[in-house]
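Common to both upcoming complexes is chain A, partnered first by chain B, then by chain C.
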Partner chain A sequence: MSDIWHNTRWHGKAIALLLLLAFIAAPIIADRYLLSVLILVFYFAYLGQAWNLLMGFAGQLSLGHALYLGLGAYTATALWTLFGIGPWMGVFIAVPVAAAAGMFVGWLGWRFAIEGVYFALLTIAFAEFTRIGFDHLQITGGAGGMFLSVNSVGADKWWNLGGGPLLYYYLSLVLAVSATFLVARLRQSSLGYRWLAVREDPEAAQAVGINIFRARMIAMLISSSMTAVGGVFYGFYYRNLFPSQVFDIGRSIELILAPIIGGLGTIFGPIVGAIILTPLGEGLTGLMQAFGINAPGAKLIFYGLTLMVIISLRPDGVWPWIARHLRLDGSRK
Partner chain B sequence: MTAITLNVIVQGVLTGLVYGLMALGLSVIFGVMRVVNFAHGEFTVVAMYAAFILFEVLHVEPLIALLPIAAVFFGIGYVLQRSLITPFIGRAEHEQFILLVGLATVIVNGVLLIFGPDARPINLPYSFDSYAVGPLFIDKVRVLAAVAALAVAAALFLFFRYTRTGTAIRACADNLTGAAVVGLNVKQLYAVTFGLGLACVGAAGSLMATIADASPGLAQAYTLLAFTIVIIGGLGSMVGALVGGVLIGVSEALAGFYIQPSMKSMFSFALLIIVLVLRPQGLMGRRL
Partner chain C sequence: MTALLSVRDLSKHFRGLAAVSHVSFDVNAGDIFAIIGPNGAGKTTLFNMIAGAMAPDGGSIAFAGEPIEGLRSDEVARRGIGRTFQVVKPFPALTVEDNVVIGALMRTNALSEARNTAHEVMTQLDLIGKRHQIASSLTLPDRKRLEVARAVATRPQLLLLDEVMAGLRPTETDRIVSILRDLNRSGLTILLIEHVMRAVTALASRILVLHHGAAIAEGTPDDVLREPAVIESYLGAEAL
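Right after this comes the complex of A and B.
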């Protein structure tokens, strides 16, 4: 992080700090609705960071991150509803479960040289496989879903991730900010440079002695673990889980939007993408409600069109463009 | 083997041939252009709705509606390739993929917006007829659909084998630079290829409408189904697509009958994972 901070010009630092302060202070003036939109912004920024680590840095396209999100959400929720184990403890079980799934997918794929499109399809296949499995898993309620009870003892206490919007607001903010620090830190580490080498040219990377399998596996480990934490948040924020929603390919696509729109392989891309996209999507929904239009697919049509336009016109995302125009980067001329 | 198992297998083979035709479209597009059409199932569902509307409004049977629908889909594919996808040829794989994921999202939600989430069945006068062959009872609609699917697939084989355009397209697939050097209009041929791929989808969708009820929820399932089939059969192999289709059709039918209909695709995915690990180029594919 220090290098990035050093290389940012003073007005860039000022903007970053002001934005952070504004987010910290936002609940003073923001109403419940605005807070819920901001929670989504941080949630997508956080998940975007997790996914971007694998795609943007290690160069492996996963279209099945809903698998890790869902496993994280289901594990923590099941531990709480079935055994009374709270989420702060549950997350330490949820993360290994999802990480194990991630390692398995990665191992299966990269061990057998399944890359690119094939790997992306493998990730989808695993997510779908798991979705159907959970549809038939009786202990978590099958396709009928699992619900967090609000009546059990201590369910409304913050240490069980229950409570008002403020709790979720600051929790999601902390998640997004700490994920950004982690990603920035990794990007500057030797591991980060190995990832970029593997992404740009796997054969050359191997020739200079980088173990590409290992580099990708580490990226998958961190990415799936982070996504699982997001899943725990998802489970306790929404308080109901359906396999058809959590493991859906729509979830996987939704969480790749922010980093693609913001900028693949950049540190601030996922944040910028989430800040731009989420309010637009929510605004569209609100606008349609105001006009009494009931169009269930409209938001996704909008997201789909956004993806097409961005990838056609600005495949590097909007963040590099913003950074260039605001002259934020002091290291370049 | 009991008569009932045999019955289930035969139904699976017939359905599988229609699946195979759908997957053939995907295979042709990938085999020639290396573009992965992520909106494949979405287009299939659009074709199913087209067949449904033609049947409800004009009382045209899907087996006949197949021809105009395939023709229109050829046009859609041609225009789509020329306008949207051409700039992506040669760009990073994930960029093409994301473009088509975006397109798929737009199409499926457009369908949802226009038609709503309900399933639309086509009730043909012979929907419940069946042929009795020895101990077997075979649905008439499935037989007709399978025969039609084979006919379309055969026409495509002949086109690639014996026409000038077909040969030229195969040349592009084998050696793009060489094809461009000898003066082939690659852009034009690519557009024709995408058109042909979507024509397969149009035909397969029309046939599918007779054996399954059109609904937006099928779109993603069909996209995944087409991919599963094509990867199992071997990406780029035309025979592989049909063989993969039949394999998946039979696996789905058996799993649906003996285990649970809602779990049938789990077995397809398991099959996919096994093939990816043991023989990533697919059963009929060339070595990667």
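Right after this comes the complex of A and C.
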């Protein structure tokens, strides 16, 4: 992080700090609706960081991150409803569960040299059949879903993530900001450089002594673990879980949009992408409600169009373009 | 004196074709050893087996006294063998400096140390002025030197160069020749595959000639280039 901080010009630092302060102070003036939109912004920024670590840095395309999100959400929620183990404890079980799944998918793919598009298909397959498995898993309610009660004893306290929107607001902000710090730190580490080498040319990376299997597995470990934490947040924020929603491919696609629009392989891309995309999506939902239109797939179509427009105008994403125009970066690109 | 690299009876077949058959040679520490031969002679296959990119079907490769045949290429690199690629493979979206830093990170996890090494190597290879350029924007001669720089930054004992002079103009060739000679003087052993005879004769202390996968001659440049078999199979009519 220190490198990025040093290489950023003073007005870049000022903008970053002001934005952070504005977000911290936002609940003073923001109403419940605006807060809920901002929560989604941070949530998608957070998940975007997790996914971007694997794709943008290590160059491995996963289209099945819903698997880790869903496993994280289901594990923590089930621990709470079935055994009364709260999310702050549950996250320590949810993360290893999702990470183990990530390691398995990664091992299967990279050990047997399944790369690129084929690896992406593998990730989709695992998310899909986990969804089908959960449809039939009675202990978590099967296809009928699992619900978190809002009126059982102690269910509305911070220690089991049952508070009001403010709690979720600050929690999601902290998640997004700390994920950004973590990713920036990793990017500037020797591991981060190895990831870039693996992304750019695996064969050349091996020739400079990089164990590409290990580098990819570490990226997967961190990415799936981070996504699982997001899943725990998801489970307790929405308080209901359906396999058909949480493990859906739409969920996997949704969480990769922010980094793609913001800028793959950049540190601020996922944040910028989430800031652009979420309010647009919410605005569309609002507009459609105002006009009384009921078209369930409209948001996804809209996301698709936004993606096409932005990718055709700014193939590198929006963030590199912003950074160049505001001259935020004092050194390299 | 034991050889730094010792290849014994090395073979590789692709279906029925013997790409390399029963090749043996030694590279002593401090040598500049050239492997020459017509296209399809098995030079790159031989090279890939030494670098760990391909497992041999038979024979052995010893580096610094230890067997390395069948190791993965990253393990071979860690033993102290650096390499370049015939078709250059820089990390395209990264700067020249980051390319070289990644090489240097093989020997250290400390970025500051890797940057120091990278600066040293970039100066040595005349890339320091271009260190902030994106690798994909470099010209071919620069990219070739970048490949050498990245490999040298891993601080190898043996450097494998796969046609590093191919496609360069004579002045650029001379520039690389003098750089390689300097690297060799500082203690680096070099094994190169080369078509450009101007570079081979200027550099090599020993030459191995491959033809149809077999070694047909080995020795000092003066001896090897006078052998009738070599002249016939490789240098061809124009040399006669």
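As a working rule, the second predicted complex is superposed on the first by the 329 of 333 C-alpha atoms of A that agree within 3 Å, B and C clash if a C-alpha of one lies under 4 Å from a C-alpha of the other, contacts with A are read in each partner's own complex, and residues count from 1 in each chain.
Following the convention adopted for this analysis, a contact is a pair of C-beta atoms (placed from the backbone, for glycine too) under 8 Å apart; a residue touches a chain by one contact, two chains touch by 3 or more.
Owing to the predicted nature of the structure, the values given are computational and were not obtained by experimental measurement.
In the superposition on chain A, A:Ala197 makes contact with chain C only, while chain B stays out of contact range.
Legend: residue contacts after superposition of the two complexes on their common chain; A:Ala298 is shown touching chain B, with no touch to chain C. For chain A, the partner touching the most residues, choosing from chain B and chain C, is B. Legend: residue contacts after superposition of the two complexes on their common chain; A:Ser189 is shown touching chain C, with no touch to chain B. In the superposition on chain A, contact of A:Val318 is made with neither chain B nor chain C. In the overlay built on the shared chain, the residue A:Gln206 is in contact with chain C alone; chain B does not reach it. Of the two partner chains, chain B is the only one touched by A:Leu122; chain C is not.
Residues 188-190, 193-194, 196-197, 200-201, 203-212, 332-333 of chain A touch chain C in their complex.
Those residues of chain B lying in contact with chain A across their complex are 36, 84, 87-88, 91-95, 97-99, 101-106, 108-110, 112-113, 117, 216, 220, 224, 227-228, 231, 260, 262-263, 265-266, 269-270, 272-273, 276-277, 280, 288. On the side of chain A, the complex with chain B involves touching residues 55, 61, 63, 108-109, 112-114, 116-118, 120-122, 124-126, 128-129, 132-133, 135-136, 143, 249, 253, 256, 260, 295-298, 300-301, 303-308, 311-312, 315.
Put simply, chain C touches chain A in their complex at residues 51, 53, 72-74, 77-78, 82-83, 85, 89-95, 98, 101-103, 105-106, 108-111, 114, 132, 134, 150-151, 153-154.
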